[in-house]
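What follows is a set of structures to go through.
Look at the two complexes coming up: chain A is in both, with chain B in one and chain C in the other.
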Partner chain A sequence: MWVQKTIAKCWRTAGFTRFLSSQSKVPQNPTWRIEPETEAQDSHVTPELIDHLERLALVDFRNQEGVQRLQSAVNFANQLHHVNTDGIEPLDSVLEDRALYIRGDEVTSGNCSEILLQKAKSVVEDYFVAPPGNIPLPQKENEYLSTKGEDI
Partner chain B sequence: MLQVSCGGCALLLGPSVRSSQLCYVGRGWRTASTACKHARDTGSLPWEGVVGLEVHAQINSASKLFSSSQVKFAAPPNSTVSFFDASLPGTLPTLNKRCIEAAVMTGLALNCAINKKSLFDRKHYFYADLPAGYQITQQRLPIAVNGLLTYRYPTGKKWSDMVTKCVRIKQIQLEQDSGKSLHDDFMRQTLIDLNRAEGQLRVDANISVHHPGEPYGVRTEVKNINSARFLARAIDYEIKRQTDILNNGGIVQNETRAFDYKLGATIPMRDKEGKQDYRFMPEPNLPPLILYDSKTLPRNIDAGQVINIDLIKEMLPELPNITRERLVEEYGILPEHSFVLVNEDGLKEYFEAVVKMTTADPKKIIGWVIKNLLGYLRQENLTIKQSLITPSALAELVTLLENKVISSSAAQQVFQELCKGGNKTPTLIVKEKKLGLLDSEQLEGICQKIVDEHDEEVAAIRKGNLKVMNKLIGLVQKASKGRTDPALAKTILEKKLQL
Partner chain C sequence: MLGMSLREAAAALRCGQLNPIELYQKCLSLIKETRFLNAYINVAEDVALRQATEAEKRFRQGKPLGELDGIPVAVKDNFSTANIETTCASQMLKGYIPPYNATVVQKLLDQGAVLMGKTNLDEFGMGSGSTDSIFGPVKNPWSYSKQYREKNSGSRTIADDDSDWVIAGGSSGGSAVAVSSGTCFVALGSDTGGSTRNPASHCGVVGLKPTYGLVSRHGLIPLVNSMDVPGILARCVDDVATVLGVLAGHDPLDSTTIQDPFQTFTLPDDIDVTNLCVGIPKEYHAPGLSTETLSLWSRTADLLEDAGAKVVEVSLPHTRYSIVCYHVLCTAEVASNMARFDGLEYGHRANVEDSTEAMYSATRREGFNDVVRGRILSGNFFLLKQNYEKYFLKAQKVRRLIADDFVKVFKSGVDVLLTPTTLGDAAPYEDFIQEDNRTRSAQEDVFTQCANMAGVPAITVPAGLSSRGLPLGLQFIGQAFREQQLLSVAKWFEKQMNFCPLDFYKHLENRDICQRKSNIASLL
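Our next item is the complex of A and B:
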């Protein structure tokens, strides 16, 4: 118990963190600079796009503030386009040089429907119960958006 | 090759052009050219349908594609579900060796190029039977690509009117299956079974029409077609529908449709409205799948961890087109008969077993196998394996006929007797029922009687009308209850009539 506490204390002390950073291969400071945001970078989030994204992700941006947050997130992510990746193979995963583990075709799991069904809120005869299948979302008036059709 | 399966799907895509076999193609523009401007503008060019199929086939494996839970048809709901299948946090996919091998073998059988490096991707969509919110598939770099399947199909009523066609295979990919949804409209709820084992073939068809030589038209996707007959009907309907729209100056919508077999029509799918955006991304939990051949096989590696394409090539069974060619060449049978032998599960083996057990010409055996045996099995609704007539019994029967122990009409009687089951051999049946051919001495008496009773016919023959001889032979056959060798009867009758 006391060991854990000590370690936690160490972590919290700035000196220890700095010690770790100096050992790290991650540069202390960025080696390239983000261009200041320009007008051109500004992506246009249209009400149609908001609607599309809300449907895809089944989220609700709720209000003007939420939409602005989305806008700035998009702008932030768009900066990645400034990184020169010419001639560089995309990296899917840092594990991509590892061999993919191949499993023999043997049955070693399953038969645990009781445990799984316990986690469900609603169950009927060993089936999970879900709301009826994809119902098109009603075309709602996004009252938090400024005039429909206009960019934000 | 063949929703909701083991969570292990081989999937192939093949764009092909359907034109000649579709009568609507021509008819569509003809009716329209008199009726509307659009058709005149485009000249008298006929519309041609372009069809791409996405075929989902369940892999015959013991466990699922990415988990070690069982693949079992009609298992109790959620009984063959592992923590991974239920998408519990922290669970990871582990790829099934058997599924990789099945995909490679399918690729080889369809003349594909096997990718020695293939990748896995996540395809996202929201549906209650997909608890992870994504499906693992192979979109960017699938396990096999660029295949070709040559096939023959009848163009007319006759089996011999066959044309050879090719279908290109775009890709074969390993894909995890979703669960199964049961919609309860009354209670307004959906029941979810994550077992994923339906064992069926499911096809999605992408259909568009265009004028040959011009860019492809806007396509529609008809989803979840589960039989070849419905597939053909859905495609025919969709080509006609799109042709009609275009001829009337309309625009084909890029949409997902479903085939309603009661209406015989495709209808827009309500629950998948709008553009689908699957947000494909690389699957971070599975490194690339590397395959080897005998040359590139690494040493000192656990055999369970490598897939050798060359070994799978060796395991490949004789493919249907090769089998058909071989049957025609080896036994001298007709090409159409080779199709029947290959298409009926176990019939080829049955035929070959009979051929081995008798000296009779295979060309004579084929009729017994296809006409008599298959006819009897179809009538009784039996499979080849359930047949009461064993290959050895049929071989014995054919031999009796070949050695002129019985006539062909007696052989039919023996066959009918064999259909009833029991353990009697054809030889025993012939003996018990006295179906053996009569010898010339026995035949002599019957022939004499027929000659004596048919003065008119005898006179006609003597005048030179030799066709009447066949009538007399027929009468002898009837009188002997089918136990006459026609050639022998003819010789005796000719002698008696002093011809």
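Our next item is the complex of A and C:
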């Protein structure tokens, strides 16, 4: 019974206080604005860069839209440069202050090569089979590379 | 009335009002009736029946395993499941059958849970709508709810041709829909930038992202190793606490799980918030926040204050840069993670034999969608020798500032933070796909990814309905490894809001849905 009364009392007091401060603790207007994405001079996506990235990533842009998508992703990322990070160390892991679990150096599993090899499309005996190696990807004639030298 | 909670079902199983096979059959037929929602990629009908039969035996012998015994659950299709196809909703892994169970899946099964199937997602979890899956988009069941239909019946927005459905949110959209539509009691999602909380909020269910390091990720196909955590979706906070108790704890197979033993807990029914200090981070009033969400957020802050909690405005000054920072770190880690898919050991392999590089390239071209390819290319750009310091290291430094913001606020005496989960309610699919995936993710994840950057736990709780009759959620963010406190506040809030769950609209082709639901309810 008295609990109910206390709650009712708290309710009134808090309500009254808020009435005096006349505002909820939640800000009623946005506290920041979205900045327009700008293209920094040195982060321009060039045809050479596109070719380089496709070889590294082993995926292609497919079309002009893919190239624009990268440019806009880079422009978006450029907002980071508004933050002052002088003297700040990079954060690799949020568990950096804890010791990582290291298990004992004992064999605890194995003998599963047969099961694992079953998942591959092409095997010979106990080996995965790959086509001939050390052959660079051929130069492509891509639509989005045909304007080589010009701005994209 | 929509199905029971896990706790109620477990109680009904224990007192014999319900048996596991019956429960399995109810869920299975509901899955079939709600096929059009596209929540499941793969329904493990036979395996689940076997599991339910085993559970039934245990109940008959009076020796159930635990609270999850005989309870139907669903798992996002980026968790490895032994002998059940695991696709990540990608061509790359179509047909891939993992040789082992993810630790969290194994833990559910060890408790006797019945795995109904694998749920739909954005390809490799990259998205915030569950619209980018090779199996097609997931539909939000609230599009077919009484609440949505009735509120919009006068307007032209409700079309007869079913083109007006709203997105489920993502990337764990299938899991959120599975829980929300009543086809299972609990579902596993994953949460890298909000992928559990976002769809939970849009589908009107509870979604928890635990502290980084609390729950094992072994067998979760990685997206961003420094942020990924398994998420829990359920109909109420108590159920989330139960499942967390089962899943949490050190796993020798995941060196990033902490070694401190986890104390399982149950939440009291009477929760006292008078000694609680709730922070309102002012930066979470971001541009684009809907007026409805704002007013719900304000009212909740008042409610807490009226109940005697101390509510204070706080500042997390680097919040606005968090989504940018997330974008760089996410794509960089994605670029590195996706390197494993080359066609040699598992998954899709293109029919190109000219050279290894040509085979890799063709495999990845055929296997990944535009979104995944785009993130791999962006990530490789940020990791280029000439960009590494400028973008990647810079983002890691900003990440420390963001994480430090949280540390400072919690050190100042704040126990939990109260924020919106999303900017507004779920968008109609046709509107959502007008913008590209990156833009959408930047909007949708704006309030959620900060918790992943800092590694702290966060939970979304359904808070009410928008004027369109769609669910709105609010988020509580807690201190690292203080899940008990976070969930207590969440439960208190849940009780105050008394959110009315989904009620399917009757005049659908699947009209017996409502009938079926009341049958389940009447079993109690």
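Here, the second predicted complex is superposed on the first by the 109 of 152 C-alpha atoms of A that agree within 3 Å, B and C clash if a C-alpha of one lies under 4 Å from a C-alpha of the other, contacts with A are read in each partner's own complex, and residues count from 1 in each chain.
Basically, contacts are C-beta pairs under 8 Å (C-beta built on N, C-alpha and C of every residue); 3 or more make two chains touch, one makes a residue touch a chain.
Here the structure is a predicted model, which means the values were calculated and not measured.
Where does A:93 make contact in the superposed view: on chain B (first), on chain C (second), on both, or on neither?
It touches chain B and chain C both.
Check the residue A:70 against both partner chains and state whether it touches chain B (first), chain C (second), both, or neither.
A:70: touches chain C, not chain B.
With the two structures laid over each other on chain A, which partner does A:80 touch: chain B (first), chain C (second), both, or neither?
second
Going by the contact rule stated at the top, is it chain B or chain C that touches a larger number of residues on chain A?
It is C that touches the greater number of chain A residues.
Examine A:107 and indicate which partner it touches, taking first as chain B and second as chain C; both and neither are also allowed.
Only chain B is touched by A:107; chain C is not.
Name the contact category of A:30: first (chain B only), second (chain C only), both, or neither.
The answer is second: A:30 touches chain C but not chain B.
Take the contacts of chain A with chain B and those with chain C, and give the residues found in both.
Touching chain B in the first complex and chain C in the second, residues 52, 56, 58, 92-93, 95, 98, 100-103, 112, 116, 128, 130-136 of chain A appear in both lists.
Could you pull out which chain A residues touch chain B in their complex?
For chain A paired with chain B, touching residues are 52, 55-56, 58, 92-93, 95-113, 116-117, 124-136.
Where on chain B does chain A make contact in their complex?
Residues 61-63, 67-70, 76-84, 86, 94-100, 119, 126-129, 181-183, 185, 188-194, 270-275, 277, 279, 282, 284, 286-290, 304-307 of chain B touch chain A in their complex.
Sort out for me which residues of chain C touch chain A in the complex.
Touch list, chain C to chain A: 96-97, 99, 212-213, 226, 250, 252, 255-259, 274, 280, 282-283, 285-289, 294, 297-299, 301-302, 305-308, 311-313, 318-321, 324-325, 327-328, 331, 335, 342-347, 349, 352-361, 364-365, 368, 370, 373-374, 376-382, 384, 391, 393-401, 403, 436, 438, 442, 454-455, 480.
Can you check the complex and tell me which residues of chain A touch chain C?
Contacts found on chain A: 7, 10-11, 14-15, 17-18, 24-34, 45, 49, 52-54, 56-62, 66, 69-70, 72-74, 76-77, 79-83, 85, 88-95, 98, 100-103, 112, 115-116, 119-122, 128, 130-138.
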